[in-house]
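Next, two complexes with chain A in common: one pairs it with chain B, the other with chain C.
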Partner chain A sequence: MKEIRLAIKILKTLVKDRIQYPDRLVVDTIGIIARCGILLILYSYVFKLSNGAINGTTFLFAAWSIFFYFSFSVLRLRDISREIMKDIQTGNVEVLLSKPISYLSYRMWWQVGSGIYSFVVITLLAVVTLFFSIGLPSTMTISIFLPTLLLTFFCGVILSLFLYTMVGLLSFWIEDINPVFWIVDKAVMILGGSYLPVALFPAFMFKIALWSPFGASQFVTHTVYKTWQTNWYQLVGIQLFWIVLLGLVVYFMFESAKKKVSVNGG
Partner chain B sequence: MKELHFALYAIKKNIQSSAELRTSFLMNIVGMSINNTAFIILWGFFVKSVGVIGGWTVADIIGLQGFAALCFGIVFSAGAGIRKLAEYTASGAFDRFMLSPKNLLVRIATSSFGVSALGDIVFGIVCLGIYTFLIQATIQQILLIVLLVAISTMVFLSAAIVIYSTSFFFTDATSVTGSLFELFLTPSLFHGGAFQGAMRFIFTFAIPSLLIGALPVEIVRDISLGKLLLVSVLATFWFIVSINIFKRAVKRYESSNFMTFGN
Partner chain C sequence: MPETKEIVAVNDISFSVKRGERIAFIGPNGAGKSTTIKMLTGILFPTSGTVNILGFDPTKDRKKLAYQIGTVFGQRSQLLPNLPLTDSLEFFGVMYDMPEKEIKKRIVELVELFDLSSFIAQPVRKLSLGQRMRAEVAASLIHKPKIILLDEPTIGLDVVAKKSLRDLLLKINKEENTTIFLTSHDVGDIESLCDRTIVINHGVVIRDLPTQDLAKTFVYEKYIDLVALSNFNNFPELPEGIRYSSKDKNKVTVVVDINKINVQESLKKLLYLFEVEDIDVYNANLETVIRHIYERDSTRN
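Take a look at the complex of A and B:
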């Protein structure tokens, strides 16, 4: 109960803060235009050159898939790694660990809260824009689409948080986690279907995307394709497997990390 | 000459300072090089799936990433201070640069050193080496690559100066400059052959993203002197404009009087 109250408090505070100071919304909007918007324009040209279909996929499916990736990225869950590193480098972690709250759940809720306002606003606006400019694929109008999209989205959020928390916790052992962060982040970018939609992946790369936690954290990009209707439960199962596994790794890493904290006073 | 001597001295001291944390220093360089490989993998698979577009092959993608990484690395390793302009103006730390008898822009640029950008330089050189090998470049093409790295770096530096000069127009411009920089950099890493028509025009003349990678690759590939002239003229234009914008922008600065002496 206390945990839920804390989560709600963090979310409410951060949403109010973001509404009051909309800088982040502006940044995220320009960011999604620079990345996703330009990419979609380029892809529309590329699909036209290829007579409308590449690997049996049309622009409509590819565009929505790419959009889901970039929309998910607006949540900025990956920033949790650097926030943890900052806490450790500045010594702030000592203060947070001494409080009667779970440090990791506090950091995770903070991360969700800081991105949720931009995510909701940008996603709603972009969905409307895409709907009127390119339309909706038939796969997105069937009954199981929305519930399974939400399910895989929530699993993706938890998995991303665990994945990037693991990277952040490495700060207890190494002085600069940025190189590890870059590699994990790019693995997510490649296997998640960002600049290259999953439907255009070569077979072996698709398998890696399917069975690795990097690709699994971005399964929202698979939801627009026809194959999702038949194998969504398998994909959600993979996500749940990684959530349990990475959850355990995070737990043991954190327990071990806590023993390394030394209060230097001052 | 005196300014150049100062810049080199400042860069040398910055490198020595950064190299003190040896493990972190090396990890940053290696990590960034691996990080950049992601774009080659992505666009390489794109070419494999979609086929050749606008005459662009995987070799050209490698060349594009090489040019872009090298420009980025050169500007943001030695001149990482430009990226901190928003932070300096917002915190009042800019005062100490105004009081310095050295050239203001050189002093700001060399006030910080980007270790990870050294990884971009390493990556860029390796990529351009591979590119030269893959296209079996002639001496003429190799000389063109060297010349174009210099021209592209000039464009990149100019764009960075223009973007970060906006710091003087906002109370806290960190977010704005970050967004504008992303708008400039992201398209420069995209497949150059996919930019056609209006998109090519916009990202050549209004936002010079294609000048730092896509156009240099096309110039080397086609040995196009017309495009070389265009890129050179635009590079000179952007450089002059950027210096003027910076000078005008600085006049808007008002000291925050935070008493931030020293670094």
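Take a look at the complex of A and C:
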């Protein structure tokens, strides 16, 4: 109960913070328009050159899939790695460890809270814009779409947090995690379908995207395709498997890391 | 692999603290002060020995202990920078699992006690350092801790802000019987705030005594001011154990090493050398005393 109360307080406080200082929303909006908008324009052109379909997929499906990736990225869950690294490098970790909280769950809720306002506003605006500009694929109107989208979204949030927390916790051993972060982040971007929609992946890469935690953290991008209707439980199952596995890794890493808290600057 | 070296940060430290005491835990940089505080709060785990605070073992009961203690790390802020101070106080109230009513009541108390009303509605990042430190201490007291551990709380503050913070700490010690455990390089903090001083160096407690005895116990130098009857025209060589601290035609100050020559003997010899109108004999200030303790301990090692 206490954990939930604190989580709600963190979310409320950070939403208030973001509303009061809307710069982040502006930056996030410009970011998504620039990155996602340009990609959609380019893919629209590519699909036109290919007579409207590539590998059996039309632009409509590809566009929503790409949008789901970028919308998810607005949550900035990846930033938890750098926040943990910053805590360790600056010694702020000691401030948080002296409070009656679980450091990791606090950091995770904080990360969700940091991005949730931008995520909700941008996603709502972008859904309306996309709906009126390119329309809605038929797969998004069936009854299981929304509940399974929410399910895979929540699993994706937890998996992303675990994945990037693992990277962040490496700071207890290697201090500068940027090279590891770069590799993991690019793996998530590529296998999650930010550059190329997953439906257009070659078979072997699709398998990697399906079975790796990097791709599994971005399964929201699969929800628009017809295959989702028959495969969703398998994909959610893969996510749950990785959540359990990475959750255990994070737990044991943190237990070991606590004994290695360094005393930067006394 | 980079070469690593094992360093013993603290070794065989042992002390106990009574409820309501005000302890200064001092030592030069790298002495082991912060390491000790981190062990007391359960952030660092000692390789051997036991720590017991209010019946809790910090290594096993970190969270339970956290409800009973408050911490202030002078160089690190725990407040929410973009939001008004009141949000930070409410936030910490929830963190300490206090009921909403109690949080509101406590905020009113702290606002009054720490005189926060003039800036409680301002975003924390707009506060002056002095105001922010008051706010930091107030935030750490939201849950009425039995002990407050402060790691260099007055660092960077001007004299007025320092005094104000010290007065507040004395007030909460008096009114709420909060035990104060403080590390500081500022002699003023020790002198005006703490009734007991523990000196640590090279990870070992070298002294544990009432602050008022610190100067008495460690004074092996006396200062003597000699005020000239007319003017001092020459400054003769001084006997062994006495050296000039300052020379002026109106006043000379000398330092007497009482291990080499006692005060009575020094005065006799000085009066033979100088024609004086007035004499003042006094101890070194606390800062000098502490410097001597550190230096002497370093020489021993």
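Just so we're on the same page, the second predicted complex is superposed on the first by the 261 of 266 C-alpha atoms of A that agree within 3 Å, B and C clash if a C-alpha of one lies under 4 Å from a C-alpha of the other, contacts with A are read in each partner's own complex, and residues count from 1 in each chain.
Quick note on the criterion: contacts are C-beta pairs under 8 Å (C-beta built on N, C-alpha and C of every residue); 3 or more make two chains touch, one makes a residue touch a chain.
What you see is a predicted model; the values in this text were computed from it and never measured.
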Clash or fit (per the criteria above) of chain B with chain C on chain A: fit
Partner chain in contact with A:33 - chain B first, chain C second, else both or neither: first
Chain B versus chain C as contact partner of A:50, first or second or both or neither: first
Contacts of A:251 with chain B and chain C, given as first, second, both or neither: neither
First (chain B), second (chain C), both or neither touched by A:2: second
Chain A-centred angle between chain C and chain B, computed on Cα centres after superposition, in steps of 10 °: 80
Partner contacting more residues of chain A (chain B vs chain C): B
Chain B versus chain C as contact partner of A:92, first or second or both or neither: second
First (chain B), second (chain C), both or neither touched by A:190: first
Minimum Cα separation, chain C to chain B, after superposition on A (Å): 8
Contact residues of chain A, present in both the chain B and the chain C interface: none
Residues of chain A defined as touching chain B within the complex: 23-24, 26-27, 30-31, 33-35, 38-39, 41-43, 45-46, 49-50, 54-55, 174-176, 178-180, 182-183, 185-187, 189-190, 194-196, 200-202, 205
Footprint of chain C on chain A - complex, ascending: 2, 5-6, 9, 13, 16-17, 20-21, 90-92, 94-95, 97-102, 258-259, 261, 263, 265-266
Sites on chain B touched by chain A in the complex: 21, 23-24, 27-28, 30-32, 34-35, 37-38, 41-43, 45-46, 48-51, 53, 116, 172, 175-176, 178-180, 182-183, 186-187, 190-191, 194-196, 199
Of chain C, residues touching chain A in the complex: 9, 29-30, 33-35, 38, 41-45, 62-64, 66-67, 69, 71, 73, 75-76, 78, 80, 82-83, 87, 90-91, 94-97
